[in-house]
Amino acid sequence: MRKLLDAYSPHFADRLALFALLVLVVAALAAPLISPQNPYDLAQLNIADGRLPPGTHAGSDTATGPQHYWLGSDDQGRDMFSAILYGLRISLTVGLSSTLLALAFGLSLGLLAGYFGGWIDTAVMRIADIQLSFPAILIALVLLAVLGQGVGKIITALFAVQWAYYARTARSAALVERNKDYIAAARLLGLSTWRILFRHLLPNCLPPLIVVSALQVASAISLEATLSFLGIGLPITEPSLGLLISTGFQYLMVGDYWISFFPGIALVLLIVSINLVADRLRDVLNPRLQKQ
Amino acid sequence: MTEPLPVLDVSHLSTHFATAKGVVRAVDDVSLRVQSGQILGLVGESGSGKSMTGFSILGLVDPPGKVVAGNVLFKGQNLLTMDPERLRQLRGDRIAMIFQDPMMTLNPVLRIETQMVETLQAHQSISRSLARTRAIEALADVGIPSPAERLSAYPHQFSGGMRQRVAIAIALLNRPDLVIADEPTTALDVTIQGQILALVQRLCRERQTSLIWITHDLSVIAGLADQVAVMYAGRIVESGPVQSVLAAPLHPYTEGLLGAIPALHERGEPLRAIPGATPSLASLPTGCAFADRCPRAFAQCSVPLGETEIAGDAGPRRTRCWLHSPVPAPMPTIQR
Amino acid sequence: MTDSPASASRSSPLVELRHISKLFVRSPDLAARVAQKLGAAVSTETVHAVDDVSLTIARGEIVGLVGESGCGKSTLGRLAVGLYAPTSGQRFWYGEETGGAPGKQTERLAIDELPASERQAIQIRMQMVFQDASASLNPRMRVGAAISEAPLAHGLIKRQDREDWLAQLMRRVGLDPSLAERYPHQFSGGQRARLGIARALAVQPEFIVCDEAVAALDVSIQAQIINLFMQLRADLGLTYLFISHDLGVVRHISDRVVVMYLGRIVEVASAADIFERRHHPYTRALIAELPSLSQRHRVYQPVQGEPPSPIHPPKGCHFHPRCPFARAECITERPALREIAPGHWSACVLEP
């Protein structure tokens, strides 16, 4: 464990980021166990407990009985602490699953394009070029406008805006690797194309993509937050971090800062820690730096 | 000693690298001497420390490497204790270096002319037009066709062999007293290598320039050098006049190197290869580093030893081997 | 096969390359094509990497292929094993001697015209050992898995026999079988060369192209690997095309030597003849430049000039601009490869 941590990074800031990320992930996973209320269960909310400042003890007539609103409550009487934990769940689910889907799809297409070249390459890369020439947020907006709201829909939209990025990265890695002699040797040994692609080419193209996808998780999360903030990501009954920030936005001017502020802190913490960890991952996975 | 003052006199030079895996002794107790106009061949395999010896002499060792011991006397002045600014002035003027990759010397975005004129003007106060004339002469000397026109070309417009010629021309511009050449022909084809060897040989003879030619190829040294020093695992294991070393090597490693060369065998017969691989410089044994590959190793070989001087027909020879040690040290008590 | 200069003198042929050529065309990119349409003189760059080469290699023979960088020797090696498709020309494989007929009939197969399954069966009998052993090994695969992958995939060995088989093969190339679970970067240069050889041997090849297989190694290690190549040939009856820029190594290991210059074969002779009765001026220059241990303070008298660009090779004999004996006809006519003595071919008009 100690060794693993040393291999990861000797710097305090990097270790702090890893620790913060772990805490956030565990908190999100354990949200139903540790949160005082289920913020998505309307029966547990009391509109009379709306916009309570942090630390208030109230809520005698809700299903869960009286409780401390340590981080305050939103305008629906939702406990902010619970809402943030559940919001983290959504953010991480959306970020991870859209990234994994996009990685799997983009990587496969990129490998095929890079290895075979020719018309496959041209076709895949032109589509990716067109895709990448539009701002991601624009494509996501259009898709969500067509598809409607929901976790599944937003994952689809985020998948659609991300895959081209992986396809392009995978292709350039495959172009470099396929000209190396171990691929020539594998061809001479009469190995099947599938085996060459997945046993030889893929493992050697993966490291740069792992780093890219770790960074992409962060950007997918912030994209989801942006879309929710704009009110087209998730339904109002299941607020994600972005939607919570958006809800609180209208009360900022009257001094009820906590509705926007605490979800905002959680979001920043999540994105910064993912970015820092991903950055370390880049160095750890680079075999050239590893040897030194 | 009535010997004239040598151009370069290196004694007990050691360069170490502090790494996570321990101290790497890249250069360990190296002593060399080069007389005026002499060509010294410094031979070794990869990782033997031959290039690092060259860098250490010139004060070009980058951290984590550090010269930890020894003296480098260039015409009597110690380069290791010299003011860095003076050393920098000396390099490129009195001492020059030629690298395996000529692009180490050449700046890819500058015309050859700019680089040559700057090199001249940095060390001599001469006019631009005179510097230009000298540059043209220098290019002609190294066999560049139509040198006046080529002067305005960029390095990438030359072929590999021509680029190395330009690098040599720049190295020799200020007529240095000593040139250190680090495998300058290794990347070149045989016919081009022959041209470069001929060129360097002629220029050094004409100008009485001393030369240290660093290479892995003993057969290049055979035709070119006067003296040879063989390095293994950071140390010089044998040195002396080329003819005596090649004809009758003292150290078993030199013998092994010669034995591994195909030309000295009947066609098709098994080569006398040295078994094993070169040791890691981070974990060298206390005694002779070659002992575990040596066919003639004996108990004594685990005891550290210095160099022994032996008289030879063509001049003194030195080796670092217990087989030739005049005073047999007491047998080590075997512990553990 | 009588028209091929390399007609095997002693025994039956194994591989034949007939009038094989390889052109590399750098097709203009979009910008260049636009410029072309607008009337700019953008030409497609064609490199004649291998120019009408015929070569037959006999069963059990070691053919050394020498030449300087850019002469096409590596390309020829890759053409021979089928890593490159030739622009023109054919590859033939001579099958096992069939039946007990006294005529020792061998079957000549045009490899690239066979149906896929038959082609595959021949293809794995031809393997290659690469110059850069570390680039030729998959860095993310344990070496034992890398060596046994192909024979398992082709059913040459059974999974339960793998361990024994692998240990035997690793010992054969001089590696400790206990290292099978390591990754390539944990090995030294010499050991990696052995790994590359083991992987090639794993599919029981008959013909191995060694492309500068010892060039990157230190002299002492190089000798070990050369010995291994010779030992394997003696034990397994292998046939090699041994590509190297180092005439000294080639002289030592080869039965026959082929000299290439700018994509063409300029001389073919037995290893002894190429040194003692060298004919082509280029071969003479190559041998003259060979550094020698026996010469002290030699005066180098190198051949002048540099190899011309393969994009615009000189007309006639490619060597004529550097040749001290060039005549008028050398500038205009491509000299044919002709037999100047039994088994000794040269593409030069000079009298032997």
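Going by the order they are written in, the chains are A, B and C; count residues from 1 in each one.
Operating definition for what follows: a contact is a pair of C-beta atoms (placed from the backbone, for glycine too) under 8 Å apart; a residue touches a chain by one contact, two chains touch by 3 or more.
Note that this is a predicted model, so its numbers are computed, not measured.
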Per-chain Cα centroid nearest the overall protein Cα centroid belongs to chain C
Greatest number of touching C-beta pairs links chains B-C
CA centroids of chain A and chain C: separation to the nearest Å works out as 52
Chain A and chain B have mean C-alpha positions lying a whole-number Å distance apart equal to 56
Averaging C-alpha coordinates per chain, one finds the centres of chain B and chain C separated by a number of Å equal to 34
The answer for chain A against chain C in the complex is residues 180-182, 184-192, 195, 199-200, 203-204, 287, 291
In the complex, the residues of chain C that touch chain B are 68-69, 188-191, 218-224, 226-227, 230-231, 245, 247-249, 251-253, 271-272, 285-286, 288-304, 306-307
Per the touch rule, the chain C residues reaching chain A in their complex are 78, 81-83, 120, 123-124, 126-128, 130, 132, 135-141, 149-150, 153-154, 185, 196, 199-200, 202-203
Within their complex, chain B touches chain C through residues 45-46, 159, 161-162, 189-195, 197-198, 201, 216-220, 222-224, 226, 242-243, 246, 256-265, 267-268, 270-275, 277-278
